[in-house]
Amino acid sequence: MTKPLRVGILGATGTVGQRFIQMLDGHPNFQVTALAASERSQARRFIEACEWRLPGEMPAYARDILVQPLEPSLDCDVIFSSLPAALAREVEMEFARAGFPVISNSSAFRMEPDVPLLVPEVNAGHLKVLETQRRKGRFGPGSLLANPNCSAIVLTMALAPLHERFGAEAVMATTIQAISGAGYPGVASLDILDNVLPFIEGEEEKIERETRKILGRAAGSEIEMAAMKVSAQCHRANVSDGHMVAVRVALSKRARIDEVREAFESFRGVPQELRLHSAPDRPIVFRDEPNRPQPRLDRDAGGGMSV
Amino acid sequence: MTKPLRVGILGATGTVGQRFIQMLDGHPNFQVTALAASERSQARRFIEACEWRLPGEMPAYARDILVQPLEPSLDCDVIFSSLPAALAREVEMEFARAGFPVISNSSAFRMEPDVPLLVPEVNAGHLKVLETQRRKGRFGPGSLLANPNCSAIVLTMALAPLHERFGAEAVMATTIQAISGAGYPGVASLDILDNVLPFIEGEEEKIERETRKILGRAAGSEIEMAAMKVSAQCHRANVSDGHMVAVRVALSKRARIDEVREAFESFRGVPQELRLHSAPDRPIVFRDEPNRPQPRLDRDAGGGMSV
Amino acid sequence: MTKPLRVGILGATGTVGQRFIQMLDGHPNFQVTALAASERSQARRFIEACEWRLPGEMPAYARDILVQPLEPSLDCDVIFSSLPAALAREVEMEFARAGFPVISNSSAFRMEPDVPLLVPEVNAGHLKVLETQRRKGRFGPGSLLANPNCSAIVLTMALAPLHERFGAEAVMATTIQAISGAGYPGVASLDILDNVLPFIEGEEEKIERETRKILGRAAGSEIEMAAMKVSAQCHRANVSDGHMVAVRVALSKRARIDEVREAFESFRGVPQELRLHSAPDRPIVFRDEPNRPQPRLDRDAGGGMSV
Amino acid sequence: MTKPLRVGILGATGTVGQRFIQMLDGHPNFQVTALAASERSQARRFIEACEWRLPGEMPAYARDILVQPLEPSLDCDVIFSSLPAALAREVEMEFARAGFPVISNSSAFRMEPDVPLLVPEVNAGHLKVLETQRRKGRFGPGSLLANPNCSAIVLTMALAPLHERFGAEAVMATTIQAISGAGYPGVASLDILDNVLPFIEGEEEKIERETRKILGRAAGSEIEMAAMKVSAQCHRANVSDGHMVAVRVALSKRARIDEVREAFESFRGVPQELRLHSAPDRPIVFRDEPNRPQPRLDRDAGGGMSV
């Protein structure tokens, strides 16, 4: 086994940062060696700087790490960033230019044609545009890779096997999303108790754009958007975790229901081939029961990584 | 003012029956004179037979009414029935044959071509098929009128002005429905807390069928279904009252957004013309704000009668 | 009927301010003539300055009122203040010194011995210490009256008839409070969904202190705390409105259950004698059923004013 | 390692039965060999007979077990019963008389003086009254052991170290309980959404009685109730799992806060000494933070076994 990559986390005290820290606990390929956050938290031990908000305890390894400034002097091999979009643009660029490979959770660079928008099971082939990035030099000696919008990940994972086999021409997605997607403090309880919110700022546009990019092709030096039409309507419901998407798809070829089922069930991607640590055996869990999926029962399927 | 019609309620102790009783409290055109329910409740005063489940107190007028059997000896002019579908078929028929006009909340007769499926603002003209009913004599000297599925009411009210002006060719409706729709005890709390259910038994079919009937035409002696395609996907969320529907419509004619808005805002029906007691001034409340409608804030608009 | 008092509301855009505006809509004794708020909202019409968060529409009368600075140049006869405690201390003092009678919803002056902490049904007699206020001149030519903590109001209303007849020596109150008490945005949905919070900052101390003051006596020029011991444990639950308190009381005299019941049911206060506009007929609604009270079913009893 | 005991589960398809099956999955000391349930489920494979309601999948080992009648012909060494109280009395007696050791989750025999009411960390010593059982022969050659009310377990675990060191003279417990305690379908969602229920049938009596028995002494041949006074007030809140109890205790001896803390933190019982499979390292997790414990964050502490 090769030595683990040393990870630095930007925005470590936020809820996404905390999730990174939790999911990398005991990971065989990554070791968190640096935590960085905004000024308020700096120079304090993580256990003092961070109010831990996830079920379970803060992983022991993170407690005594000193929180550092958002500056590219971190001692690590790769950057996982969960900075808000406004801050991300500048800070992530700075880290990339200092030579770091940056994996960004923000929307800042997602739609740039030479930035892979990665759902590893779906479009691992997009990684080759990193060569374009390096050639153009915009990110200096480093590189930048983006993580899509959370609903776009769910949607494209489910669309991938259909698009591949039958061609998806039009997609109508109606989401019912969990409050975790809004971070902390995020949605006020008075807004969501006994209620549904029919709107999430910027979300519909993100899903519509990102879906076409994720399902697009790495053509030459850039990613070419898929030709399909995508329409998204987004809702927030009083659910802690687990986004649900009701999807209607128009396919280019006729598909029998057993073929659709088989496409879902046999779907595997590069992470499954490589047997990566958090890759679930089945990226898509097909369920027959009319009353499934349900967020509470199914959000942890495949260790929380399956759709 | 004419003398109020005397109303008999079938299934008076259920949640729909209770809602009838509440909404008819102080109504100028109706006076509840008879309550009937299944055996368990019979021959007891309503206050003893019924566990009141709505916010607020049981209306004083109902407390001492003796609950009677589901037999057509009730002393009243018109029947409001909230019986479950299985029971409704037989009992409502019996009441109609005994000469009562029956307004049914069940799904038993909804799709019969000579039974109006009434949303008064939308299809008051369908009432003329009651002549066919009488001529055929199937319901004897009485008559039967059906109340649509709760989500179909919401959907068709919103579609009516669009269909009338621009022609609705295809409708894709995705619902997020409240638990009140399942009656009492209905949805188990363990099923819905921190959750969304992607399925309501029979609901999608009802919405797809009923929408086409409600928006159809009373042609000659029967109601002719509208030609549009309707697709429904139904969800249950942890909301007490207020169904939300996310709708996409394909129109026959191009419509500008201001025309759509004007169509919604100017929409009025027969109940508004007649200034009926519970008819809201505006059956459709058009809201500009991106984060509306919300069940909790908007479910009581127009006294709970506006969409 | 006398001319209504003209009311100025401080902190008009907050949730408590909005509730004032809603409850004074159509009030026979009060007319809102001035709205004031922090800088961000000033010089804008209320409908533009305020995001209305209560069910139902913003009352029409308030829409076009121009929001003014928190300065004692408001055109009104009396001040209702819903400022946060930190700001209240200074601003409310300034208004009082400018001659206004100030009704404060904040905790800033609640425990001062010459400030009545008013629950009108319970301690209207405390109003006589306003003479002490005026004589001492601390609030200048104006005066200041405080509104208690929301749970203390509920608790003291229920204790008043027991304390009066049987003497309350020790009170153990365990609250399960609604999220509305925390204002807006208040409690984060991620904190309260599928959860109970066993702590509300400062709340236990407020209930313990204020209960003894509210149930105390206006002795000479000051309010003397009641001698009883009060212990409070506070919780927040996922309920929108309606605080519940589980109470155990040690009484000085033995009381039969029918006497307790009679004490609750016959309890009336000055507002009932004066037939004040929002005073409920029965300030305490005694319920026999083992499964009552429930926030959702009972919070609107007596127009929301009964306990 | 000794051979695992073969377990038969009565009431296997209910939510408690499902929890047994889940918790015994992979257990080193127990192996489930028989599942029994009421008639409706018999002679079907468990996967067909049972609608699985817990997060995660039904354990693979249980799927193909044939559900058998509730008769003492099961092939197993020990019985875990989750039958409802009414049924339990007869059926559990029958199994005991057929020679089985029966561990009962029902309330049927809990208060019998020769039936241990076991919280293993608290009163493992009570097991010696099983000798009395055997001598009296009421349960035939078998024996019966009861599992307490779920809130009583939580309460007595927390009281045990205090009672042991300082003597608990009076206990006032106010519970805020999760809906899981009512089984499935249990609490109707319309009853609990945006609500708190101030009553759980029979619960207050159970907690008051059982607490005194659990903390009592095995004196001679029977368990003698502890002398303390116990008062319980029970509430149901909209929480899926995790009962919270707000407790006030009057101690015989004065105790400093650091002594109380030390008593909680150092508390260990027989399961910890024996390093039993599901025994948490710390049966009581003492938390300093004012806003803890919270059901959602802390219910899984110690694998769900810590208080």
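Labels for the chains are A, B, C and D, by order of writing; each one numbers its residues from 1.
What we mean here is this: contacts are C-beta pairs under 8 Å (C-beta built on N, C-alpha and C of every residue); 3 or more make two chains touch, one makes a residue touch a chain.
Here the structure is a predicted model, which is why all the values come from computation and not from measurement.
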Comparison of C-D and B-D by number of C-beta pairs in contact, larger one: C-D
Centroid spacing, where centroids are CA-atom means, of subunit A and subunit D in whole angstrom: 41
Distance from subunit D to subunit B - Cα centre to Cα centre, in angstrom: 47
Gap in Å, rounded to a whole number, between the CA centres of subunit D and subunit C: 43
Numbers and ranges of subunit A residues touching at least 2 other chains: 193-194, 238-240, 296-297
Arrangement of touching chains [line / ring / star / complete / other]: complete
Interfacial residue positions of subunit D with respect to subunit C in the complex: 172, 174, 176, 193-199, 201, 231, 233, 235, 237-240, 244, 246, 248, 290-297
Complex contacts: residues of subunit A adjacent to subunit D: 55-56, 193-194, 240, 296-297, 300
Contacting residues of subunit A [partner subunit C, same complex]: 15, 53, 179-180, 184-194, 238-240
